[in-house]
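Comments concern the structure below.
Chain naming follows the written order as A, B, C and D, and within any one chain the residues start at number 1.
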Amino acid sequence: MASSLKDVAIIGYAQARNERQAQQTEVQFLFPVINEALEMSKIPRREIGFTCAGSCDYLSGQTFAFVMNLEAVGAWPPITESHVEMDGAWALYEAWVRLQHEDIDTALVFGSGKSSPGVPAEIYPLQTDPYTLTPLGVDPVSFAALQARALLDAGKVTERQMAEIAARSRRDAMKNPYAQVTGEFDVDELLAQPYVTAPLRKHDLPPISDGACAVVLATADKAREVCERPAWIRGIDHRIEAHQPGLRDLTVSTSTRLAAEGAGVGDRPVEVAELSATFTHQEPILREALGLGDDVAVNPSGGALAANPVMAVGLARIAEAAKQIVEGGRSRTLGHATSGMCLQQNLVCVLEGDS
Amino acid sequence: MCSTRAVTELQATTHTIEFPYTRTLGPVIGPFLTGLRDGRILGIRCRDRVLVPPQEYDPETGDALEPPLVEVGPAGTVETWAWVSEPTRKHPLDRPFAFALVKLDGADTAMVHAVDAGSIDAMRTGMRVTPRWRAERKGRIDDIECFVPEGGAA
Amino acid sequence: MTAAKSDTAVTGDEPVTMMEYFMSLTYTDVVSPPVVRFREALMEGRLIAQQCPKCHLVYVPPKGYCPIDTIELDERNEIQLADRGVVTNYTIVTPVQYYGQKETEPFVRASILLDPPGGMLILQDILDIPTDEVRAGMRVEAVWAKPGERNVDEVGNRSGSALEGSLRGFRPTGEPDVPADSFSDKVW
Amino acid sequence: MTNLGEPCAVVGFGQTKHKKRRDDLSLPGLVREAALRALEDAEMTWSDIDAVVIGKAPDPFEGVMMPELSLADALGANGKPMMRVHTAGSVGGSTTIVATSLVQARRHKRVLTVAYEKQSEGNAQWGLAGGRSGSMGAGGIFAPWMRSYIRNSGAPEHIGWQVAVKDRLNALKNPYAHLHLPDITIEKVKESPMLWDPIHFLESCPSSDGAAAMVLTDEEGGRKASKQPAWVIATAMRSELGSFPGRDTVRPQAGVECAHMLYEAAGITNPRTQIDVAELYVPFSWYEPMWLEGHDIAGPGEGWKMVDSGETEITGAFPVNPSGGVLSSNPIGASGMLRFGEAAQQVRGQAGEHQVPGAKVALAQAYGGAAQYYAMWVVSSDPHPSFS
């Protein structure tokens, strides 16, 4: 990978309050989120050099759903804009790459998803191999349970540890105004609950969420001009691996490890990691792949277990990691995003504050 | 297809999107599904391994994998499993069952399929399973209705 | 090994080269607040819209925001529209018989510029006239379903201008056509 | 010329044979056929590729959600970065631009980009209507705008027929094209059924299965390539709202701005004389004159005259779509990348029978949505072309 990349920072971010079922349309709840992120960045909307969005047609069952989302950006007069059918974290990656060119100095990124209209267990089988998996209707929770069992059998996690992760996430989420599942929970009481899809109980699963996240990026000079404490993108990388779960060792995340190496996670200690661990057992897999020690605070926002706005949840992790620097005074954090079943594709973004 | 119904006192519209997609299968998936129709499970050689379900390309190098396919199984071993206590209408069975990664005898990779074990208590990692074939087969992955514990425990 | 090969019937002996996958997904979408009000007005035989206080553009159905000025709109920005206007453009569609297609004969979809305070309704049916006589500049008026027969079941966030359950379409008024240059900037 | 960072070169291009139904291939097999041809053209293997960027039109067209996940293995992407772009009909172009950007930003040295559509698995009209009855079809959306163009420009009706014939005759020189209609005539186009006035059946694009792929490299890769590379001189993307009161749908502002940004970045002051050949996204015949004017290649009302005079023929002064264009092959998601790739092949001197002799500078364009998404690039055989 080539070096001498330009410094780019996160200078604004905003999220929607995640809801199980938003009465507003995706555009309607995206609208104030974009406005708020722009306001925080102090960059006038018309000065934004590049806009990039992440969303998914199948979530709401509407072909070209992303076209409507242009209305939330204010694409008149015309703008320079692109879209990925991926989590907004990859839109951030595309925008970060675009900012490496010399002609623009700011970018707006957003991800949004309204999961409430559909039935996720019925939609997501379409995301798997159309010949050997889709017709079996294997849903995300079942895939996750296959992975969790493999991890339990390998002795790499216990059901108690999984419940502890859920309890910690929900407790931490009490301080997160955007979170959906919050509160104090007793681990023994959680473990007394029945399995949903064994070995996963309800607390091991993410909620179904409607939500959005927007982030504003700027190159070095611009960031310093408008922002007191920018969150510098020190490294960002993403990798994919084999699709069929039977081709992978489900107890590790090779693509996360490769992305972490590419993003330079191990160069210096990380204080906070916001991970798209949408199931409890994925947290230890990701911790190991990222090389995070026990001293690293994971998901102080409550993470994806507290709110899972698909297509925005990864970008929201990066926004939360940036918040730790901008508002929390931390010096080095990371955000993680994932796509596909059992962590098939992963993105890692390392952020730093000025010391 | 649309109609209105109240959802927690909110007005809502419902919309069903339906389509019968037709998929062409190519030189590897086609023979694999032909094998299933004929009651045989086939894998493909990939260097020193046999991949099941067969892949068109080496997942590590990207090189094309060449038929002919090789027969595996039909019995195999459960590598990991998930107990589905409430099946969805898209699932292969309408009663509680397991999804499992099953490594078939002679294969080096495991395939995802359903296991009809009757009860979660009958499931364990490492158990031996064998396919239950559908009476009328069409050349689809669900020509195997599911796997069942070897020896007919279910 | 106890498992035997299947010995039951198989379908055909030719190589399998195709498979079918029947997708069926149902979505239940909550009607957003501006569309709830739009539906209520339709049941009363009225068309409402939101008008942006900055650019004064009229959005029908109401969106809850102005995408040009990127400001949120609500019922304070609501206006009542006329149910007469002029056809500014149209398409005659010869239906392709795909899965789920109910149309069998050519049908017309027209854009109607409503009389002041304005607003454009797109994809409207033109009634009481052969499709090949529809023309830009033609004056038309709304044809409402009878009050007891109206429904807005299909009017949701994504249905746009599909209002047939209450507003069946538009029919010619018989007034003289309007010259094209009077609406040439309102063809979209 | 704007400094875009690292110079980027197209060193490999591949496409499938486009057909109504590629019944010999799976979805992985389809993308693979194009990608392998691009790799072979670039004299590379899978391990030479640093990253993969894939694009296609809406997922419901084939009924596979986020298909990059199940196509990663076929594209040798495991262990590598892979992205999926979706910008409606312009996606083949914008996917190429995202891949280009990865090289220009010095993020990667060698990027494989792929776009595809396997229309025969589903039905595009169904998809465009979101699964509802009464689809307008793309033609139904665009037809009124074509009528406006005809009315405003005073273009005679035979212009549309003429474009339809020209592109199909060009396609006879392109072995990959879906439609090969050797007997096509103006009379046959005119007599073919009217789908959406003014669009006749033969003025409309087909539904195709197909894929396109390109290998893009940095400057060193371009210089070391054994075949002539196509240097990316400039790229541009521009989007606007699809529907609002007062929108100019005949000459959308985003298309005008996209072209101007592109020409300025490339140093082009007179596109009509400084560009040797263009591949424009023309799914319905009237869009050829509309884009000639909409991208300020021709002045207002002059686009149809370029067509009428034969200027856009393969032998004319400003050849448009020598490959046969979208009117001859339309694997939707790939159609934009085919434009970008065919433009590259022209300046590489690799266009075969439909080569425009001596082409040094080529323009490609793709558009999508309600004519609201634009992606364009200019490529040249010369890394620093002079337009003086």
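Criterion: contacts are C-beta pairs under 8 Å (C-beta built on N, C-alpha and C of every residue); 3 or more make two chains touch, one makes a residue touch a chain.
Note that the structure is predicted; figures quoted are calculated from it, not measured.
Visitor: Chains shared as neighbours by subunit B and subunit D?
Guide: Touches both subunit B and subunit D: A, C.
Visitor: Higher C-beta contact count, A-D or A-B?
Guide: Looking at A-D and A-B side by side, A-D shows more C-beta contacts.
Visitor: How many Å are there between the centre of subunit A and the centre of subunit D, using C-alpha atoms for each centre?
Guide: Measuring from centre to centre gives 33 Å for this pair.
Visitor: Just curious, how far off is subunit B from subunit A if you go by their C-alpha centres, in Å?
Guide: 30
Visitor: Find the geometric centre of each of subunit A and subunit C from their Cα atoms only, then give the gap between the two centres in Å, rounded to an integer.
Guide: Chain centres of subunit A and subunit C, defined by C-alpha means, are spaced 36 Å apart.
Visitor: How many angstrom lie between the CA centroids of subunit B and subunit C, rounded to a whole number?
Guide: Taking the mean C-alpha position of each chain, the two centres sit 41 Å apart.
Visitor: Where in subunit A do residues touch two or more of the other chains?
Guide: 21, 23, 58, 61-62, 70-71, 75-76, 119, 122-123, 126, 129-131, 134-135, 242, 244
Visitor: Taking each residue of subunit D in turn, which ones touch at least two of the other chains?
Guide: Residues 23, 26-27, 60, 62-63, 73, 77-78, 123, 126, 130-132, 241, 244.
Visitor: Do you know which subunit B residues sit against two or more other chains?
Guide: Expected reply: 7, 10, 15-19, 21-25, 29, 33, 55, 59, 140.
Visitor: When you draw the chains as points and link the ones that touch, which shape shows up: line, ring, star, complete, or other?
Guide: Contact pattern: complete, every chain touching every other.
Visitor: Which of the residues in subunit C come into contact with subunit B in the complex?
Guide: These residues of subunit C touch subunit B: 1-3, 5-13, 15-31, 36, 39, 99-100, 152-159.
Visitor: Quick check on the complex: what are the subunit A residues that touch subunit C?
Guide: Residue positions touching the partner: 21-25, 27-28, 31-32, 34-35, 45, 58, 60-62, 70-76, 116-119, 122-123, 126, 130-131, 134-135.
Visitor: Across the complex, what residues on subunit C touch subunit D?
Guide: Touch residues, subunit C against subunit D: 17-18, 21, 23, 57-58, 67-68, 89-96, 98-103, 107, 109, 111, 118, 120, 122-123, 136, 158, 180, 184-188.
Visitor: In their shared complex, at which residues does subunit B touch subunit C?
Guide: 2-5, 7, 10-25, 30-31, 33-34, 37-40, 73-75, 105, 130-131, 133-140, 150-151
Visitor: Per the contact definition, I'd like the list of subunit D residues that touch subunit C in the complex.
Guide: 23, 63, 123, 125-126, 130-137, 140-141, 143-145, 147-148, 151-152, 193-197, 241, 243-250
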